[in-house]
Each structure stands twice: as structure tokens, then as C-alpha cells.
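Note sheet for the following structure.
Chain naming follows the written order as A, B, C and D, and within any one chain the residues start at number 1.
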């Protein structure tokens, strides 16, 4: 007969070095986000456009059945790169993405700052980069769910509905564009959100910042553009910049006559600045109380 | 909020005044105020840029008054007062819970409704200060060449009035959200940038369900269709009625906020 | 003496979690200690009697007035909350004057009262520093200052001593004691018996949301006296000592410690037992190393009262 | 040797937090003492690998504190002083989460989380949300997350602050139990001296960034007199007076505990004789094992 020893018991497993030490942070972040009722609501409503566009793909294959609805206006429903770009950089989708950032991203770091829990993370074999990556990937998950996943699904369904590979043959680079653009937008929004989240302990304040800066940059652009009619002002707007870069990814003419690489540079500069600030902020808390 | 007998009304008002004094000071000193102050001065910077550009490029550009009406004003109306009211309005109740400082306030010989009203008034004053200064500066920058035109001042006064009314109504609504919901910011954003915008495109009386509708009823009709972010078909309400409605909205939501704050038991966890 | 605070059948639930159950009490002027382990319902009780939350059942009256929706009462009550939270961006001085302002004083009076209160808690030198930069002891004293600055008749302090180092504790205890002399009603909650003992003799024992005992601390001490109690004695001849103890009927159990040098005795009459022990030790000229009571603490009393 | 460091220096800007500290921590429970601002937290953070010292070197568990911080942290458990719990989840999720971050496989972490939560006495409430936890429960949970990955070295920063006596005793018992295992070392920071006395065999005292004293408690003990803690029933004035007449120094604490410094040559039995003569029952009589408070005062240089 064996009797369980009383008192502290050792764990007989072996601590391993994980390939992705940050993975638990991401999973927990995602699970916690889904615990909020209204968050599910937002995610589902953000997926509405995806469903609409999917239906559009279906209709485009059966265009003759729906002829009576369009009265010969076939142009609307041609599935081409522009169709993808329209989905991926539509105002509504971007707005919903910002809302998701506000709801699921604002608290990522600021809650840890508020509750002093950074020290718990850094008492583990976790680097600062690992910590930030783990947090960022929560956002990555949700944003890719809205960009990459629908994009790829569109391609697959287009091929399925068409029954042949003509579509892919005409635009062989399209899957790469979808992947590239989705990753770019996601990467930008990650640095954007984490930057603001690390600025304050007050989540309400962070939420407002995330939302206001995005909207403000856009209004500023609309303002100057209206006044001077110079497309270069598009560079002021985060949204327009994202859309400009999006056009390049999909080999389309940008909506504003500014070279796309300016937009790219601006967004990249923003991202780099954000990571510098993050690096400083997260370290600052780790050391001094 | 219980009905206050007239004899107590003076003491109630003086309580409100005291809360106001404390939080007006606190609101001015807080670090966040500095940020929001800068934020509400961004249009001034924009005006300066425009003006300098006009002066140096030599091109006459658009007329200052036109720019002021169509750009700066809408900047404030559609963006700044919403953000300010959202943050400060929800702060009235939420910051006491988040900072766990509620107990200091509700163990004072002051009716709970007075706390809400006093803080609301204090933050209103802070916000109004920011917005008014910003608007006036922008006004002078853009109209620097024809400051003697008296009709301009009438316009300025009307715009200031609209913004203040806007802050008042939105502030009251967000105060109510802050007193009743945990996720007040989220719902506030949905309301101010979702609902308020969407509903303006609906025909008929539907648009009367938005606060923005009444505010815009005071403004001269804009040449619509020019700006992507402000196209809508306004079917204005008469100014008198709009004024009444705005006051009614503010009063109703403040009353609700006071009611919630007095009756609700907030748990201080998290 | 008339009761200042009266509660009857006070009960409180949070959802389905019990906060406080059926508390009927009268609290008189002087210092009353509210004693109970963490989570016993002390804070709930204090919040109920200050009207911060509404009772699910029962009533509270202070100065024979209702507490609910009677904010005017707070000019006679000072409350020191449990949370270590402040308006961190204020200085100590601004914090205190702001709250005094809310009490309804005139500008001159606010100034003099704030100065006096800061003087009492010895924070005058630091009054212009931000509260954020205060140490734990200073924060705790500032919290106390805001509760007494308006010179209330009833002072309610929720865990005022927690988190303080021994020196800080001593300072605060001295401050609180000063108010006892002035005929004020002071309620202090704590989870540490010696802290309360240093302050007062009138205590309320609260546990699991119920009041288990109320009254003079001697009464509580007597309760501790009369319930079976373990005493451990380590000496050179434990078995000899044990033999001499066995004959008494108030000695319930005798056991020997694993180190062979100590004896554990359970008794239900401490007074007699210790008297006997002392005389035996002296008579036998024993070398005593240690006398301890392993379960002489609050929890033991509660366990006894709960009937464990 | 669990840790050896030599000539460690660290400054936050112009403020020198550590000014040349060398020490070896042997096996067993070690108490780290010092007034506020003495550099305890900084030392702890360097040993944990949070901070890299500006000067000096050392090894913890055989790993270099400058180069192998991640390895140190894999085998170290840390219980911080202040509240640092993430609301919105239950204790099992929380504990397992930090186990996973230390490198435990997911399922194992979950299993182990249940085990340690039962061990620290949170078994019943392990599915409750953290925001509903009381101060004592939070303290236990912090301990649970520190031991979930079965560390080889455990750092505890003020483990008993904010606890009622019962809670404090239970936490101390847990710590004692953990440190009684030969293969897990414990380092405790505390300002409650009696906690250190109960649990630790060695102490390190810091003052103003320097090492003020270090060694086995038993060796550091003051030898010129013996210190006894005595609690009596009845009015103690006569007793105190007569004890003093015998040449003892007597101090009374806030909670009526007498601290009696007995000269080396005096017979302890005298005390009992006096007590009987004064009709004072001796209720509590403990030789203070270390007179740590004196040691502390002497090392830090305050009286």
C-alpha cells in the first residue's frame, strides 16, 4: 500500500523550453475576450460584410439567374482583385477593426500596468519581446479572422463555384496579395494598439485614444483635402494610408494620386516609433515601482 | 434622486457648488486635461496652417468664414465635443469606481445627486473652457483680415452656443452611461460614431432620435454633398423646439444618472 | 449611557453571497473594536452603518435618525475606508481641503481645520507632496486625517492599522486613543486581537457574517479562558511535571511532544491551571525553557464559538 | 550553494541602490532584512534576473546572473509583495497560466494548478473569480503561482503582509513545509521580524545598499544576555518592578507582551519565584531564539 505524502509535493515533470514561450498569453487573451458577451456580437457583426461578399461571389457565378436584378449592369459583380481590395479596405471593415481594438486591445497592457502584474510575467522565462508578441498575437488573431480568413475563403469559394482554375490563372498572385495585405494591416494595428495600451493604466482613456487618433487623422485629411484638393494630404490619414498600401498590394491604381510607398513609409515609421515607446514603457514598469 | 423640498433647495444647490469647486480644480490640474486641451486645440493648429499657407502662397484661397463654418465648426461638432464629452461624462461616475475613491464622496453631508450634478458641472466647465478657447482662436486666425465685420460675431456666438449645448447634452448622456454601465466607453463610442451618424441618413422623423440632429438644426444649411463625412439630408427642427429638446435630453439623462448613482450599489472590485 | 448607533436585524446579501446576517447591536460612546478574520463581514457592517450600501433586511439608526438617504448625518460622522485609494494626483493638502469643502465649511475654517488635522497626524511637513509619492504609513495617516478633520462625533475606521510597520501602528493607536478621551464614538475594525486590545475593552466579534460576541474584552478573554485550551511546557522533567498535573479535574488531556522534553496539556480552566503550574514549577525548582499556548488566538475562539 | 554574488553594484540614476554586495547563500531558508530603501527589492530583482547589475557578478542556481537570466527564471518562483492579480478569471486558470508560461505542458499545468491550490488552501474556492478574493486568499494565490512550476528557489517578498494572525500562521506553516524539503530553497524578504525568526535559519541584513550582517541566526545571537518573552495574567506592575530589581531590562509592547533581557548569570527560576510571590500567572514564556530585533537594530545602526 502506498500512502500519499503529506505536505508539499514536487512536480515530477520536466520544464521545457517552449518554441513559442508567449503562446499561453495569446490563448488566454483570446479566451478572455470571448468571455465578454458583447464582444461576440462585435465579431459577428464584423463578419457580416464577409458573408455579403461571399454571396456576391456566388451571384457572380450565377449572374444570369440574377440578371433581372441588375438590368444588364454586369460591372458591379465582377470578381477581380478590386473586389478583394474593396472588402479588405472598406471603411466599415476598418471601423469594426478599430472597435475590436478598442474592446479587446485597449486593456492588453494597460490592465497589467494597473494591476502590477507585469512582474508576474517577467518572473517567468519570458522576454519582453515574448510578452509583447503574446499580447500582440491576441490582436493578430482577431484581425486575421476578419482579413486573411475571409480573403482566402473568397478565393477558395470562387474556385469552387467556378469549377475550374481560370480565376487563379488570371491572377496567380492574388493569394499572396491577400496574405501580404492582411499581415500588413494586422501588423500596423498591433503596434498601434499596444502603443496606446502601454501609455496609461486607465483603460477608458486608452480606448478613447485608440479611437480618437484613428478618427481624427481621417477627419484631418478630409479637411485639408477638401480645402486644397491636394491628394498628398491623404498621407495624414491612417485609414487612407492603409487603403493606399492596399491598392498597391492588389495592383490597383491608388485612390489618391500619391505614391503608395509614402504611405507605407509613414505607417512603418509609426510602427517603429511605437515599438521604441513600447520598449521603454514596458521596461519602465518592470524595474521601478 | 428624490424630490427635493423647496426649503432644502438652497442647501442642495450649495452642495452642488461645493462639489463643483472641488472637481473643477481637480479637473483642471489632472494630467489628462493637458492631453485633451491639446486635442481640442488641434483645429487651431489646422487654422494656422491654412492661414499661413494663404499668406505665403499668395493665393486668396477660400474665404475664412466659409472655412470656419464648414470645417472647423464641424471638426468640433462631430469629433471633439463627442470625444471630450465621452471621456469626461463617463468619468463622473466611473473614475470614482476605478480609483476606489467613491467612499470619500458618499460619506459627506452631500446628497448623492449633488455629487453627480456637481461633477458634471465641473467637467462641463473644463470642457467648455477648452472648446470655447479653441473655437475662438480658430475664429480669429481664420478671420484675421475682417475682424470688424459685426455679423461675424453673431455667427461666432451662435456656434459657441451650439457647441456648449452639444457638450451639455452629450455630457449628460455619457454621464448616465457611466453611472449605469461598466462598459460605458464602448457603448458610448457605438452611440456617438455609430448610431448618431447612421441615423442621420434615415428619412423622416427617425433622425430626431440623434442629439446631433438638434445641434445641426441651429447651423446654417451646409452645401451638402461636398464632404464625405458630413453628407446627410437634414430636415431641421425649429430652433426653439431644438433648444427645448436639448435641454430636455440633458435634464432627463442627468436625472437618470442621479437616480442610478443614488440607488445603485457599486461593487469596488476591479 | 445611550446608544449612538443602533442596528436591528441587519442583513446583507450580495447576489446570493452572504455579507452579513441578522446583526442587532447598540454601540455606545467610546472606542468599539470590530474584530474578525479577513472576510468576516466587518467591512460590510461598516458600509451598512454608514449607509453606503442598503441592508437587505433590517435597519440602522445613528443619533436616532435613519441613515439611508440622510446625507446630512455625515457632518457628524467620519469614515476611513479600507481601500488604499486616493485621488493620487492631489497633494495631501488639496485632498484634505477638498473633502473639508464637501463638508460645507467656510474657506477660513477649511484652512484651520486642515492645518490642525495635518498637525495631528504629523503630515504638515509633507502636505504639498503628491499623494502618489506618500509611503504607506503616510497614506494611512492621511486617510485618518480626512476622517477626523471635520471633528465628527462618530468616527468609523475600517482596518486603519493594516499594512503599517510597528512604529506606524503605535503612532496611529496613540491618535485613536486620544479620541476616546473626548467622549466620541469610535469604531475600529481589525483582524488582529492585540491591536484592538491596545485600543479598547469593548469589542464585537464577527465571523461568517454573524456577531458571535459583543461586550467587554474581559468577557471575550473569559470565553477564551473557559474553552478547552492547549498549553505546551518544555522543561527538564516533563514526565515528572505531568504526573503532578494529572490529579486535577480541569486537566483534560496530557500528551508528550516528539522531542521528549515537552508536555502538552489540555485544560478547561486556565486560571486554576496556570496557578497550579506556577506553584509546581517553583516548588520543584524546575528549569523551564518555554511555556506557550499553541492555539491562543482569535481563530480558536471563533472555532469554539462556532462549535467546532 | 544556491547563490553566490560578489561586489554587486546597482544605481537608479544617481541613487545607489546596491553598493558593493558580496554574499553566499547556503542551503536552507534565508531571511532578507533591512529598512525601507535598503536595497532589498533591488537585490531580489537582480537575483531574479529582472535587472542586470552595473558592476559585479554572481551565479544563482549555477546560472550567471548577467547572461543566463532566462534560465534562472525558469527555476525560480517569485511571490511579489503587492497585489498583482489579473481580474476576470478564476484561480485555476490563473495558476495554470503562469505554470504554462514557465514551460509546463498545458495539461500538466492544469493538473498541477489544482494540486497547488489545494496545497495553499484554496481548493474550495479555486473556481471563483479572482476579484471576489479576500486579502488572505490573494496572498495564498500569489504563493500558489510561485510554486506551480515546482521551482528550485523561491523568492517571497513580504509574504505575510495584510493577513490576520491565523492566515499569517498558515502561510508561515506552508513556507516552513516547503523549505523543509531539501531540494527547494527559500529566500524571504520581510519587515515582520518574527516571521523570519519562525522560518529562517540564516539571515542577511542590508542597510543603505550595503551588507550589514549575514550568517546563521544561531551564531548571530546576542550572547551577553538572554531575551525572554513573557505574558502574565494580572496587573504586572509589581512583577515588572521586582524583575527589574533583579537586574533585568524589561520592555512592554503594545499588546502587553513583556520582553525581559536576563543577565547571563541570573537563574531563570527566579522569574517564576517572583511571579508566584506577586500572584501573577505566567501564561507565556518563550526564549526569544535570536533577539533578531536587536540584531537588526545593531546591524542597521538605529536604536
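Just so it is clear, contacts are C-beta pairs under 8 Å (C-beta built on N, C-alpha and C of every residue); 3 or more make two chains touch, one makes a residue touch a chain.
Treat the numbers as computed from the prediction; the structure is a model and nothing was measured.
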- Computed over C-alpha atoms, the centroid farthest from that of chain B is that of chain D
- Hey, which pair has more contacts between C-betas, A-D or B-C? A-D
- Item | Where chain B and chain C are represented by their mean Cα positions, the distance between them in whole Å | 48
- Task: Round to the nearest whole Å and give the separation of the Cα centres of chain A and chain C.
- Result: 54
- In angstrom, rounded to a whole number, how far apart do the mean CA points of chain C and chain D lie? 25
- Residue numbers in chain C touching two or more further chains are none
- Task: Would you pick out the residues of chain B that each touch at least 2 other chains?
- Result: none
- Query: Of all the residues in chain D, which ones touch at least 2 other chains?
  - Reply: 87-88, 132
- Interface residues, chain A side, partner chain B - complex: 38, 95, 99, 102-103, 202, 204-205, 207-208, 211-212, 215-216, 218-220, 222-224, 226-228
- chain C touches which residues of chain D in the complex? 36, 132, 134-137, 161-167, 169, 191, 233, 254-256, 268-269, 272-273, 275-276, 281-287
- In the complex, chain C residues that touch chain B: 14, 50-54, 69, 71-75, 77-79, 81, 83, 85-90, 94, 98-99, 101-104, 146
- Task: Flag every residue of chain A that touches chain D in the complex, lowest number first.
- Result: 7-11, 13, 15-18, 21, 23-25, 28, 32, 35, 111-112, 115-117, 119-127, 286-289
- Enumerate the contact residues on chain B facing chain C in the complex. 2, 14-15, 18-19, 21-22, 25-26, 29-31, 99-101, 103-112, 262, 265, 267-268
